[in-house]
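So, here come the structures, one by one.
What follows is a pair of complexes built around chain A, which joins chain B in one and chain C in the other.
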Partner chain A sequence: MTTERPSLEAAVVIVGAGPAGLACGLRLAQLLDEHREREPRLPAKDSIFILEKGRETGAHLLSGAVLDPSALDRLLPGWRERAPIEAAVADDAAFFLTSRRALRFPITPPPLRNHGNYVVSLNRLGKWLGEQVEAAGLTIFTATAGARLLFGERHAVIGVRTDDKGVDRRGERKANFEPGYDLKTPLVVLAEGPRGSLTKQLLGRLGLAGPNPQLYALGVKEIWSVPAGRMPPGRVWHTMGWPVPRSMYGGGWIYGLAGHRVSLGLVTGLEYHDPGADPHVLFQRFKTHPFVRRILAGGEMIRYGAKTVPMGGYYSQPPAAGAGWMLIGDAAGLVNSQRLKGIHLAIHSGMLAAEAIFDSWRTGDPAAVARTYPERVAAGAIRRELWTVRNFHQGFERGLFAGLLNGAAQMLTGGRGWRDPMLARAGHLRMQKLQAAPRHDWSLQPDEQLTFSKITDVYHSGTRHEEDQPPHLIIHDTDICNTRCIVEYGNPCQHFCPAQVYEMLPAEDGTKRIHVNASNCVHCKTCDIQDPYEIITWVPPEGGGGPNYEGM
Partner chain B sequence: MASEHATVLVVAEHRGGKLSAATAEAIAAAQQLAAPWQAAVHAVLLEGAAESGLAAQLARYQLAGVLAARHPALAEYTPEAYTQALQEIVSRRQPRAVLFAHSYQTRDFAPRLATRMARALFGDLTALRVEDGRLTVSRPMFQGRLAADLVVPGEAPAFLSVQIGAFRADRAALAAAPAPIAAEMVAPAAPAAAPEAPFQEAKQAVDLTQAAIIVSAGRGIKEAKNLDLIRALADALGGEVAASRPICDSGWLPMDRQVGSSGQTVAPKLYLAVGISGAIQHLVGMKSSRAIVAINKDREAPIFEIADYGVVGDLFEVVPALIEAVKAAKAGG
Partner chain C sequence: MRILVCVKQVPAKDAPIKVAGDGAWIREDVAYETNEPDAYALEEALRQREAHGGEVVALTVGPARAAQVLREALAKGADRAIHVAGDDAHRLDSYAAAEAIARAIAGEKFDLIFTGLQSEDYGYGQTGVVLAELLGIAHATIIMQVQPAAGGVRVKRELENGYFQYLNLPLPAVLTIQSGINKLRYATLMGIKQAKSKPLATVALADLGVSPSLNRQSVAKLYVPVKTKKTELLEGPAKEVAAQLAARLKNDLRVI
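Up next, the complex of A and B:
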C-alpha cells in the first residue's frame, strides 16, 4: 500500500541528539545568531531538524564516563559552572585483577590518567545540552526516529524519512496510524552513535568503508547506590585481567559519582573466538571479585544499560562526508580507544560539521561541505589525537599481552608500532565454530542481590516499547538460525545480547526455534554487529521506545 | 459555599447496576485521608433518573453522607456529562480533596475535570498522607521501580486517584447505621455524542482487575494445549485465567490476559502462579495480591520469595491434584 506522506523542506537534518548531534545543532545556532544581522538570508532556525528516537533527549545515552573538557570549553565556555557534573577527577588508578587479588599499577598508565577531566553522566549532560540547544531556538524532535534515507540521482542523499507511528505487529495500520515525514534536505548529518542504522544503510549502499572494517566493543554498565564513603566522587579506577579471558579484549571501570553512587561496568571487545561468550556474564562476575564486592556491599543497583563503542580508530573511519551527507561522533568512528574517550571528539566533530555547514550557507554552495568538512577534521585536533593511537585496538588481535606490548611499541613510535597500518578483520568474522573454538565457562547463577539475571537487569534499564508493533530486529532468514547456526555456532545471539532478546525455545515438534523478545531491546546494536552470518538488521522501533538511561 | 468542616468527596464507580470493586478501595483511601483533617467523607454517586439501590450500598460505609446526583444525562457514562456534573458538585461543596479509583473510566474523565477546575490530577497513587499540614502522595515511576513522593499544592480541591489494589477494599470502614442519602442537584447538558451499547469484544474481553481469583500460567506449562489444565483449575476455583508475558507473546492467550509490567496490574484475593519463575517484570503486576500461591519445580525460582504459599513440584502433578481437592472441598460444603 503506498502511503501519502507529508513532506517538509529542511536546511539540514541532524539524526541523533547525542553529544555530536547536539553540539552540531548548538554551534549552528550560535553561528546563526552571530551573523544573522549581517546576513539576513541565512536559513531560519526552524529549518534545522534534530531527530531523536528516544522519548526524551538523553534517554538512550549511556557511557562511563570521564569527559575530556576540551571540546565543551570551546562550545560553551563557562559550562563547568552550569552543566551537571558528577565530580572533577580526584584520583585515578589502574589495576590488574586475578581471580582473587587486585594488583595496582605502581604508575597509572598515561592513557588512563584523568587529571583535569570530569566524571559525568552522559545522560544528564545530554539532557543539559539539549536544553541549551532548545534555549538557542532549535527544536529537538524526540520520539522520532530516522527510518530511512532518501536517495536521489547517483546515490546522493536528498532527505530522511521518519518512522511511521501506529503500525501493528503484522504491519497493518492501527487507529493511531501516522505516516512518517519525508524531510527533504540538501544535507543529512548522521549522529546516530555506534552502528547507526541509517549510517549502515548509507555505507552499505555506497560501498564505503575505511581501510579496516569498524571494530566494536560492548560496554555493560550498572549504577549502584552505596553506603557513604565507599567510592568517593571523582575516584576513577580501571581494571584489566580477570574475569576477561586472556584471549579476549576487555576491561572494567569503577567511577565514584556524586550522591553516594557508583558507575561501574565492563567493556568486552566484540572480536572474540568463543561463540558462547557472554559480556553480561563477564560483568556480573566482575562484581563478585572481592575488590569490587567490597565497594558494593550493602548497596543497591539502581540502573542498568549496555551500548557498543566503535574501537577501530583511525583506520576504521569511513569517509566522513559525501553528496548530501556527513558522519559525526561515534557514527564516524571517532573514539580514542586507548584513552576510552569519544565524547569530546563527538562534540568537536559536531562543531566542525556546523562550521563547515555554515560556511556553505554563506557561500551558497551546500555541496561544498562534502569536501570542506573532512578537510577540517583532517587538519584539526581530532585527527591529531586519533593518529597517535591509530593501531591501538588492532594490536590486541592476539590477546591481552600482545596488545599491551604492541601498545607500548606504538607509544614509543608515535603510533606506528610494528606495522602501520595494522590491518584487522571484522570482529564477527573471528568467531570460531563450536568444534574449533576455545571454550570458556560462561555459567552464572545470579543471586539477584549482587549479580543479576539479564531479565532483572533489563527491567532496571527502564526499557519500554509499544508492544504491538512490527519487530525491529529483522532476521532475514530464520532457517539459518534454526538449522545452520544452531549446529555451527550454537546461536551466539542468545549470549552476546545483554538484554535476552534472543532465545532458542522448544517448538511443538521438539526442535528449537529462534524467538525474539524485541521489546527487551536496549538499542546497543551488538546483534547487528556480531551475528556471524550478518543476517540481523537492527532498525529503529517506533520512536519513543527503548531504554530510559536516567543518570547513566 | 464552603462549610466549616473540611469535606472529602469520593466518586463511586458503577457498571451494570453494581458498584465497582475499586470503589470500596477509594472509600478506604478517602477515610484514611480524612482522618488527620477531621473531614467529613461524602460518597458521590452519578446515575440516571431512576433509583437503583446503589446509593443504599454506598450508605453502608462509614460516611458523612451519600450525594446521589441523578439526571437523565447521567444514565449512561459519558465523559462530558460526568465532568459537568462533578464540576457542579465540587464547586458547590468545595471539598479539600476529591478521590477516585484509578480505573479506565476515571482516566477518561477525571483529567478533563481537574483541568476545567485549574487543578492537576494526581493519578495512580499508592499512598496518601498528611505531613506538617501538607498533603503528600506517592506514585510509582519507571514501572514501579521508584516511588515518587509528591506534595500536593495547598489550594483545594486536590484531585487524587488511587491505584487499583493500593488500598484494601476490606479496610473501608462500615457503619452501624446507614449514612444519610441526599439528592444532589446537577444539570449536565445532554452530551453531544450519545454512547452506544458498551463495547463487548468477542467473549474474550476480560477485565482481570475485577477478578477475585486468578490462575496464571507461565512458561512452565510448556505447550499451548496444557492451558486446558489451567482453565480447569480456574473453573474449579471460579476464577479467571491469566498468564505471564511469554505465553501471550506466543499467542497462546490474548494480550488482555497478560499480567505484568507490560500487561495488567492486578490485586485479586487469590493469585495462583503456575509455572511462573517470578521475573520482576511479572511481579510488579501482581505483588499486591492478597494471597499468592506459587507452583514451580525450581525451588530457587524468585516467585517463592513473594509467595505466601509455595509448592515446589511438577505442576503437571500438582495442578490435577489441586483440582480434585478443590472439587472435593466444594462438594463437601
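Up next, the complex of A and C:
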C-alpha cells in the first residue's frame, strides 16, 4: 500500500535531542539572532527541525554523570546559576575492589580527577536545555522518531522520514493512523547517540567506518534514595575490579546527588568472550559489596535504566560528515573513554556543527559543511582531548591489567603507547562459542531489597510502548536463534539485554524458541551491537515509546 | 459550540510511585502526563468542533510543569489554552480546584465544559461536578456519547452492570467524560508546529484568590498498601468445596 505523505521543507533537520542535538539547535538560534537584522535572507527558525523519539525532551537521556563544564561555558555563559545541577564535585576517589575489600588508590588517577566538574542528571540537564532551545524560538518535535533517511543521487542524504503512527502489529492502519512526514532538507544532522538507527543505515549504505570498528560498553544504573549522611552531594567515587571478571572491561561509579540520593552503576565492555555474560547481574552483585551495601542499606531504589556508550575513541570515529549529513556527539563516537565523558564533547561538536552550518548559509554553499565541519573538529578541543587517549580503550582487549599497563604507557607517550594506531576487533566478534568460552557464574538470586530482577528494574525505568504496533526489534532469521545460536552460544541475547526483552520459551514440540518482549525495551541498543550473528536490527518504535528516565 | 476542556497533569502510571517524606503526597521526582480520561475529553471536544464548528479551549490548574499538558492539547488541535498556575496548585482539593477554574473563566461563555471522569492521582471524581454547582449549570457524569439535541445535548451515561442512561441536558452544561469513548489522535508534526503560535494565557492562582487554604478536605496520610498473601485450603468433596468457594467469593471477597 502506498501512503500519501505530508512533506515539509526544512533548512536543517537535527535527529535526536540529547546534549549534542540540543547544543546544535541552540547555537544555530543564537547565531541567527546575532545576524538576523543585517542578513535578513538567513533561514527562518521554524525551518530548523529537531526530532526526538522520547515522549519529552530528556525522557531517553541517561548518563552518570560528571559534567566537564567547558562546553556549556561556551554555549550558555552563566548556566551554572540557572541550570539544574546536583552538586559541584566536592571530593573524588578511586577504589580497587576485591570480593571483600575496597582498596583506595593512594592518589586518584589523573583521568578520574574531577575537581571543577559538576554532578548532574543528564535527564534534567537535557530537559532544561530543551527549555532554552524552545525559548530561543525553535521547536523540538518530541514523540517523533526519525524512521529512515531519504537518499538522492549518488547517495546524498536529502531528507528524513518521521515515524508512522497508528499502525498495528500486523502492519495494518488503525483508525487513528497518521503517516510520517517527509522532511526534505539539504542537511541532516545525526545526533542519535550511540548506535543510532539512521546513523547505522547511513554508514552501512556508504560503507563508512573508522580504522577501528566502534567498540561499546553498556552502563546499567539505578538511583537510590538513602538515609542522610551516606554520600554527600558532589562525592564522586569510581571502582575497578570485583565483581567484573579480570578478562573483562568494566567499572563502577557511585555519585552523591542532592536530596539524599545516590547515582550508581556499572559499565561493562561489550567485548567479552563468555556468551553468558550479563551486565545487569554484574551491577546487582556490585551493590552487594560491603563497600556499596553500606551506602544503600535502609534506602530505596527510585529509578533504573541502561544505555550504551561508544568507547572506541579516536580510531573508531567514522567520517564526521558527507553529502547532506553530519554526525555529532556519540553518533560521531566522540567520547573520552578514559574519563568516561562525552557530554561536553557532544555539546562542543553540536556547536561546531552549528557554526559550520551557519557559515554555509551565509556563503550559500550548503555542501561546504562536509569539509568545514570535520576541519573544525580537527582543529579544536575535541581532537586535542581524544588524540591523547586514542589508544586507550583498545588496550583492554587482553583484560584489566593489560589495559591499565597500556594506559600508563600512553600517558607517558602522549597517547602513542606501544602501537599506534592500536587496532581492535568489533566486540561481538570476540564472543566465543560455548565449548571454547571461559565460563563464569552468572546466577543471581535477587532479594528485591538490595538486588533486583530485570523485571523489577524495568518497571522502575518507566518504560512504556504502544502494545499494538509492528515489532521494533527485528530478528532477520529466527531459525538462527532457535537452531544455531541455541547450541553455539546459548542465546546470549537473554543475558546481555538489561531489560529482559529476549527469552527462550518452551514450544509445544519440546524445543525452545525465541520470544521478544519488545515493550520492555529501554532503547539501549545492546542487542543491535552485541548479537554474535548480527541479525538483530533495532528500529525506532512508534514515537513516544520507551523509558522515562526522570532524574537519570 | 464553544467548549472548555479541563485537563490535569498527573504522575505517569508507568513507574512505581514513592511516598514523600511528609507522608502526605508523593515524591515530586516522577514523570508526569495528561490524565487519561482528560485526554478522551479533549478528543471528544475536538470531534465536536470538527462536526459542529466552534472553539476548543484547554485549561489546566497546576504548577509550572503542568503547562506541558496544554502544549500537548494545542498540538492536538485545541485553539487556545489557559494555565491557572501556582507552585502549590497540585495541593488543591477538588473544591478549591473547581473554584480556581470557575474564577479563571469568569469573563468567558462556554456552551460545554468537559472534564475527565476522574483524575488518576486522587481519583475523587468531583472537580467537574463541583464546578457545575459553582457555575449554577447542569452536569452529567460518566459520559459515553455526546450529540446535539433540541435546546441542548443528548448524552449517554454509563451505569453499573452494563446499563446505560440517555439524558437531554440544556446548555451550558458540564460533562465528565469516560475513558475509551473515542480513539485518541496523535499530535502531528504540523500540529506541534502550529501549537507554538497559539495563545497560551497564564493566570496566577494567587491573583484569583485561590490557595490550598480553601481546601475542604486534607490528606491525613498516604501510604503504599502492603501486599499480603493469605492461602487457605478448602477441603471436602468437590461439590461442597465449590459451594463454599462461591459463598466466600460472594460474601467475603465480594468479587462475584
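Just so we're on the same page, the second predicted complex is superposed on the first by the 552 of 552 C-alpha atoms of A that agree within 3 Å, B and C clash if a C-alpha of one lies under 4 Å from a C-alpha of the other, contacts with A are read in each partner's own complex, and residues count from 1 in each chain.
Note that a residue touches a chain if its C-beta (ideal position, glycine included) is under 8 Å from a C-beta of that chain, and two chains touch if they have at least 3 such contacts.
From a predicted model like this one, the values you see are computed outputs, not experimental measurements.
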TODO: Could you tell me whether chain B and chain C fit or clash when both sit on chain A in the superposition?
DONE: clash
Open item on the list: Per the contact definition in the header, classify A:Glu448: touching chain B only (first), chain C only (second), both, or neither.
Closed with: first
Open item on the list: In the overlaid three-chain picture, which partner chain does A:Ser519 touch, first (chain B) or second (chain C), both, or neither?
Closed with: first
- [ ] Please indicate which partner A:Asn548 is in contact with in the superposed arrangement: first for chain B, second for chain C, both, or neither.
- [x] both
Task: Per-residue contact with chain A, leading partner among chain C and chain B - done: C
Task: Partner chain(s) touched by A:Glu508 [first = chain B, second = chain C, both, neither] - done: first
Open item on the list: Quick one: is A:Asn336 in contact with chain B, with chain C, with both, or with neither? Answer first, second, both or neither.
Closed with: neither
TODO: In the overlay, answer first, second, both or neither for which of chain B and chain C A:Gly166 touches.
DONE: second
- [ ] Give one of first, second, both or neither to describe whether A:Gly462 is in contact with chain B, with chain C, with both, or with none.
- [x] both
TODO: Considering only the stretches 27-35, 171-179, 189-197 or 315-323 of chain B, report the one that runs into chain C.
DONE: 189-197
Task: Overlap of the chain B and chain C footprints on chain A, listed as residue numbers - done: 459-460, 462, 464, 548, 550
Task: Residues on chain B engaged by chain A in the complex (per definition of touch) - done: 142-143, 145, 222-224, 249-250, 255, 261-262, 279-281, 302
Open item on the list: Looking at the complex, which residues from chain A come into contact with chain C?
Closed with: 6, 8, 46, 55-56, 59, 139, 141-144, 162, 165-166, 174-176, 178, 181, 225, 300, 302-303, 459-464, 548, 550-551
TODO: Using the touch definition up top, name the residues of chain A that touch chain B in the complex.
DONE: 448, 453, 455-456, 459-460, 462, 464, 467-468, 506, 508, 515, 517, 519, 548, 550
- [ ] Within their complex, state which residues of chain C touch chain A.
- [x] 12, 14-16, 18, 27, 29-31, 33, 68, 183-190, 192-193, 196
